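Both of the next two complexes hold chain A, though its partner changes from chain B to chain C.
Let's look at the complex of A and B:
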C-alpha cells in the first residue's frame, strides 16, 4: 500500500527519475560511455558523518567514502578481518590488552577545500582523532558503544567534557592512545578483548581528518572527505547520490580469500587482480516502494536490487528459483542468509513463567516446544527463511550448522511435560498452575507493522498445549522500554550482527546485560562464568565447545529457542560480475563489482 | 431527498403539519410510515437481507454456527472447491513447506550440561506419543488434586503430528486462509463482529449526538455555546488523527474499544442535525402549548419534541451503522482493530494484501462480497426509512 495519495506519488517519482534523466543526457554513444553502476536504497540516507550514522543505508554510503584501520575480506566466510588502512594486522600483546597498529604509508584523504584542495596523507593522529570523536558527547554517536569502556582514559576524557559542558579536548593526551610516530599507534585497552578488531572495522570508525571536521562544523554530515575508493560528487538529499572513483585512491587490487566455497572461487578466478574500484561512477537512488524498485530493475534502470522477502513471490517461484521472465533476461540471483537470529524468549524474571523451580522450567520449555518454526517459515516468511537452532547464525564466526535443538516443535511432548508437572486442565479445557490457579501467557509484540501473524502463530502453539493466550500489542518504543524493565513475558526477539562474531550473539543472554540487551533477563552464575571465559578466548574449538554448552543451557532452562534466520535475495543484471553479498550489511559491495 | 411523485398516491389523511401533543396523530404518522415502507419493494428486500444477516449473527453468537472458526480444517491456502485441482497451485510459495523434517525426539548431545528435566523428558521420549500423555501421575507434581478428566484429555491431545496433517482437506467451499482456517466460517463469524460493532457504535454515537443536540438546541445560551465549542473541537481534528488519539487514550484493543472509538468520534453529525431540529421545533405552537399546560423542560424536550424529530434520529442511526461497519474494516486494516482471537471482516481484509501477492484471492472475495451485500442492503433500507418517515413527504 502506498503511503502517498496518487498525485504526491507521481510527483515524488518524477523527482526520483529526474536526476537519472539528467545523468543520461550528456552521455556520449555506447562505446565511449564510462561504466555506471545503478543501485537503490529503500530508506533515505541521513548523514555521511561516520560517527553520527545510525542507519544501515547511510553506513553503506560511508563505507565507500571512508576506510577504517581494519575491514572484512570480501569473499571469506565466516567473516575474516583484514587490514585496510593498517599495514598488516595489529600486533596484540599483554594478553589482548595492547594493540599496536602500523599505518599504511602514502594513504591520502581525497582533495577538499578544507584540505586546501590537495590530498593529504593519513597519520596516526587522524586515527586518534577519529577514535576520540566517537565518544565526543557533542557528536552523540549511536555507535559509541563500540569503544565505551574499552580504551584506557578515553571514557574519563569524554566524561570530563560532558560534566563541564565543554567541547571535547582533542589536544589533551589520552593514556590509551599513544602516537609513537606518524605511522604507529599503540592502543591500550582496559581489559583483554580479542574482538576489539571488529570495532575498528565498523564503518562508523572510518578515518576522518580533523581539519575537515573543524572546517565544516555541524555541516560535516554533508561533506564527507575520506580515503575510500569513491567520493561523493552529487547529493540530492533523500533522493539520489552520485559517487565517482576517488582519483587519489591508493592502488588496490582484487585479492580476496574465497576459501572452499565453489561460488566464491568462481568469482575469485574471474576477478582476482582487478582494480578496485572497477566501476568509475555509482548512482544511488532512493526508492521507498519495493514494487517500484522491482519495476526499475526489470527496465534495466538498476543493476543491483535487494529483493525484500515480501516481494519474493513476485520474482521467485515456489522452489526459490527465478521466474521464467526474469530468467529469460539473464538476471542473476544470489541467496544468502542474514547474519541474524530470530528467537522466542521467555522472561526468567516474570512472576508467572519465570524462576528456576522445575515446574517453571517445564512450563517454559513446553511453551517453547509448542512453537512451530517450520510453520513460521512456510506461512509467515513464505519460505524466505531457514530454520536455525543455534544462537550464532551462518557466516558469523562460531556458527555450527550441525547443531540440533533440544526444543524442536513437539506439542505432544509439551503436553506430556505439562501433565507431568501438574498443569492440569480446568473445566474450560485450559490448564491451571500446579497450585490450581488459572493463568494466561502474555505475548508482547509491536503494534505497528506486520507482526500480527507472529501473535496468531504463537496463539496456535499455546492452543495446542491448552495454555491461555493473551495478546499484547504495544507501540515499539513502549515495547523496548518494557523489555529493558524486564516486564515482557515473552516475545519474538531479533538480533542482527553488529559485527560478525558469535560474541555479539552470546552477549544477548549475559547476566550483567539485563536491562540492556539481555531481553530474557537471564542471570545464571554458571552461564555468566562461561561467557566471561569465552570473551578471553580467540575464536576456535575451545570457544566453540563453550558456546555449545551455553546454547544448550539456554534450552535446558527454557530461556530461549532460536527459530530462524531470513533469506536475503539479491537480483543482479547479467552484466554485473564479481558481486557477493557483503557479510557485514553496513559495507557496500560496489567497489568490488565490475560491469561487462 | 426530493418528494417522489410515484411514492405519493397515498390516501389523503389529514395529517397535521405540526402534530399536537395528543397521542393519536403521532400514531397516525407512524402508521403512514409503516404503510409507505411496506409499499417500497426495494426497501422490503433490503430489510429482508438485513434481517437474514441479523439471524445469522444470532446463530453465530449463540454458538450454533462457526464456533470453531479458529480450527485448522485444511492445508494452508487450500483453494475453493470450485477451482480446486489446479496442479500449478501445488508448487506455489507457502504450500510446499521447507522440507525440514526434524525429528524432535532424536537424542541430542547435551555437551555436558545438566538437564534439570532429564528424567521426565526421557520418560516422555521413551514412550510413544499417546502413552507419553499418561506420564501424568508423577512424583514431582506438587498438586494433590487429581483431575478426573485430565488423563483422557491428555490422551486425546497427544495425537502424533503426522496423523493430524493427513486429515487436512485440500480444498474447502470458500477456500482456506494461511493457517488452513475455513474462509466460509471466518466470514460468517466475522459478520457477527462487524455488525455488532456497527450497531453498538451507531447506538453510542446517536445517543450522544441526540442528547447533546437536544440540550444545545433546546436550551440555547451558554449551553449551546459550550456544546458548539465541543463540536468545533471534535470536527476540527482530522478524523484519523482523532481516532488514533482516542485509541492511544483507551490503551487497549478489543471490540469494546473499537465501539468506543467509533462512537466517541461519530456523534458530531447527529448532534448538528438534532440541534437544528430542536432550534426549529422549540418555537412551534405545540411546544408553546405544552409549556402553557405546565410541561417541564425535560418533558418538552423528550416527550413532545423528540417524537417529532425521531425520523432524523432513525435515519442517522442507520446511516451510521453502514459507516461504522466500513470504519471497523479501516481500523482493523490499520492495526487498531480486533485482537487475534476475534475475527471480523476488517481483520480478514487486513490479511489479504500479503495473500494477493501469492495469488490467493478467495478471502478478499468472500469478505468483500459479504460486506458489499450488507452495506448496500442497509443503505437502501435507510433510504426507504427516510422516505417513509419524513413527515413532509406525505
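Let's look at the complex of A and C:
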C-alpha cells in the first residue's frame, strides 16, 4: 500500500500544474506585436518558385513576394487588369499580335546574398528570363499553358531543350521577345490575343532575377526574391511563414476602383491613400484542421479565417448569417462565390454515350437532365453553394446572370426523350439501347475523399430515368490519366479560374485541348471556330453573344451541364479593415488590409 | 556475442531487401503515375512525358529498382517530388517536433504505467484496482480523436490554459505549445500501458521467489521494486522497444490538430501527393529502426536477465 499514493499524487499534481505553468508562459513575440496580421492556410505550401507553383496557397504566398507586369484592381468587379511592374498598360498593335511593355523605373528586387545583399533594379531582360522560364522543360511549370503556343519562337526553343533533354538556352534570342532597352520589351504573339494580359497578370509570372535562380539551383523554391510588398523572413516548412514589409518596395498607395458597389465604395472611402502594405508583418500558419482554425480565430490567434463549407453550420445560422456569439464579438463576415464551375460532362468519344448520332445526343441530354443540382447543393454542399447554369461564373468577365439552361432537372422530360429515341426498358426495368442491348453508364470518381456522395446522387438521377449505373472509383492519378486519354465516360468536373476571364472557362471545351483539359473530348469545327473568334474579341457585347451561343451548343449537343459554384465565407476580426476577397484566388489580400 | 550480432545484422539485409521490393511494387501497381498529379490541370501528353522523364519513371522497372537500392545504400533519396525540398532536410527538420512530442509521451507513459501497474497489482482486487481497471477500460474505449477535439476545446479554448495550435522550436515555445498534445496523447496511451504492465506484474507476483522473499522478511517495497519489477521488465522492455520505431512516424492526429510540423503529418502529405522519395525514405527508415530496436531488445534481455542465452 505504501507505494500507491505518491505516484498518483505526482501524476495528478503534474496534470494540474502543467496547464498553469503553460498559461503563465509569455506569448511568442509575434503575437505581442501591435501590427501583425495573423492568417492561416489549410494546406501546406509546396514551393515559392513562382514558375513551379501549382497549388493555391503557395501561389498566394508568392503573390506578395513577387509582382508581374500586370495585376488586378483589388476592388473592381468584374476583374480589371491594371499595371504593376509595367509603366501603364501595354500598347497593343497588329490586331492583338504585338504587345509593347514599358517597365517602371526604379523597381528593385529585395536584397539577397545572390544579389550581393543589395537591391537590384528590374530590367526588361529579367522579364524575358521569367517568360522563357515558364516553358523551360526542367521547371515543368504547371502553368506553362499561359504561354504555350503564344509567343513567336518560344515553343520551338522549349521543344529543342525537351527533345534533346538539354538545358534551356536562355542566351539564344527568341524572336517574339525583343528587349528594346532596359525598360522596354516587345512581345510578338503567334496569333491575335487581346486577352494575353491575363497571362501577364498571373502570380506564376512574377518577375524573378536570373542570377538568383542560378545561385540557388533546384532549391530556388526555398529562396524567393522578388519585388513585391513583402519578403519572406522565416519559413518553417509546412508549418509557418513570416513576412515583413519589403524595405525597398516602391511607394504605392491605395487607389482602386470601387465602381458602383456600395460595399466596395465604403472600403475605398476608408482606405484610399493608405500605403501598401499597411501591416508591416504577416504571420501565416498552416492549420489543416478547420476546428483548430476556428477555435484559434475565436480565441484571437487569427485575424482572417477562410471558413470551409463543412464547418459553416458551426459559425453560421440557417440563413447564412453569423451566429450570435460571433456577432457579439464584432466578427465581420464576407461571403462571395468562388470563381469556379462544377459541371457534369459526358465524354463525346466514349463508345457508349459518345458520338453525334441523334440517339447518342438524346442519351447524353437525358443523363444531364436527370441530375438534380439543387439536391446536390442541399445534400452535399449543405446549402453552401449556388446553382450556376452558365460556363462562366459570377465575377468573371463574360458571365451572364440571365442565362437559363435547357437541361434543368426534369426526369419526366428526360424519360420522354429516351422513349422517343428508342431506349426502351427491358425486363429488369433498365433501358436498352435502340439496338436492344443492355448498357450501363460508368461514373468515374476519385477513390479518396467525399466523392462517394457524388456517386450516390448521380445514381439516384440515373435510377429515375431507368438507366443502369456503374460506379468506378479510381486513385486520383489514374483518374487524371484516364481523363487525358478520353477514357472517362462521365464525372463531375471542377474548374477554378486561373484568370478571371471567360476565356479560361470556354477553353475547357476547345477541340485542340482534347487530351489536355478538354475533359469531354469535345471536338466540333463550328464550336472551335467560335472559340477562335472569341479570342480575338475584346470583352464586350459581341464576345458575350458568342459565348452565349457556345454555351447553348454545349447543352444542345449534351456535352456538359454546369451545376453550381461554391460559396466562400471569410471571417474577419473587428480590427481588420480594407478586406475584400480577391477575384483571383491565387492573389492574397494581405497587402491591402490594415489593422485598426 | 559478436557472432550473434554479426548474424543478426546480416539477417537484416534480406529483410530490408524484401521491404524495398514490397514498397517498390506497391507504389508501381497501386500508386498511380505521379506525373499526372505533378503536371497540373492544364497538362498535355508532351508535358506528362517530360515530367516522367525527369522523375525517372519512364525507365524500365529494373532500372528504377536499382536506383532505389542505391538510394537505400547511400541513404540519399534526393528531393521531394512535390516541394523539391531535400528528403534528408525533411527528415531532419520534421523529426525534431515529432520527437519533442513522442519522447516525453513514451517516457511518461512508461514511468507512470510501470508505477501504477505495480501499485494496482500490489492491491489487486481492491476497490482501487477495480476502479482503475474501470477507468482504464473506459479510457481505452474512447478514440484519440475525441480526446483531441474535446481536449482542445476545453483546455485550450474554453479554459485558455494552452494555445489552440501552433509550434515553436525554442525550449520556451516547446513548453508553450507541446504540453497539451503530450497530455492528450498520454491520456490515450497510458490506459493500455497500465493494463498491460499490470498483467506482467501479476504474472510475477504469484511466483515462488516472491513468496520466499516475503518469508525471509524482505521489505514490501523491495519485493515489488527489485524482485518483481526486475522479472517483469523483459516484456515491458519488449513493449517499449517495439514502440520506438513509431517515433519516426510521429503522431499524425496530434500533429494535424495542433499544427505541429512533425514527420507524421509529412508522411500523410507525401502519400496524398504520391511523393515517392519521401515515402521510400520513411518506409526504409522505419524498417531499419524496427530491426535495430528488435536487436536492442534482445540485447536488453541479456542485460536484465543474465540467464538469457543469445544464440
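Throughout what follows, the second predicted complex is superposed on the first by the 557 of 596 C-alpha atoms of A that agree within 3 Å, B and C clash if a C-alpha of one lies under 4 Å from a C-alpha of the other, contacts with A are read in each partner's own complex, and residues count from 1 in each chain.
Please note the rule applied: a residue touches a chain if its C-beta (ideal position, glycine included) is under 8 Å from a C-beta of that chain, and two chains touch if they have at least 3 such contacts.
Remember, it's a predicted structure, so these values are computed and weren't measured experimentally.
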Touched partner set for A:544, first chain B, second chain C, both or neither: neither
Which of chain B and chain C A:476 touches, first, second, both or neither: second
Touched partner set for A:145, first chain B, second chain C, both or neither: second
Partner chain(s) touched by A:556 [first = chain B, second = chain C, both, neither]: first
First, second, both or neither for A:137, with chain B first and chain C second: second
Partner chain(s) touched by A:447 [first = chain B, second = chain C, both, neither]: first
Residues of chain A that lie at the interface with chain B and also at the interface with chain C: 1, 448
Chain A to chain C touching residues, read off their complex: 1-4, 7-8, 11, 15, 18-23, 25-28, 44, 46-47, 49, 52, 54, 137-138, 140-145, 162, 165, 218-219, 221-222, 236-240, 285-289, 291-293, 295-296, 298-299, 301, 448, 475-478, 480-481, 484, 495, 498, 515-517
For the chain C and chain A complex, residues of the former touching the latter: 30-34, 36-48, 50-51, 53-54, 79, 82-86, 90, 93-94, 112, 115-116, 118-120, 122-123, 128, 149, 152-153, 155-157, 159-169, 172-173, 175-176, 179-180, 183, 220-221, 224-225, 256-261, 265-266, 269, 272, 274
Of chain B, residues touching chain A in the complex: 70, 72, 76, 91-98, 100, 102-106, 108-117, 120-121, 123-125, 129, 132-133, 135-136, 138, 140-143, 145, 147, 149-150, 153-154, 157-161, 178-179, 253, 335, 339-341, 350, 353-354, 357-358
In the complex, chain A residues that touch chain B: 1, 310-314, 316-319, 358-359, 361-362, 365, 369, 374, 377-380, 382-383, 386-387, 404-406, 408-413, 415-417, 419-422, 424-425, 429, 434-436, 447-448, 450, 452-453, 455-457, 459-460, 463-464, 466, 469, 471, 473, 545, 548-549, 552-553, 556-557
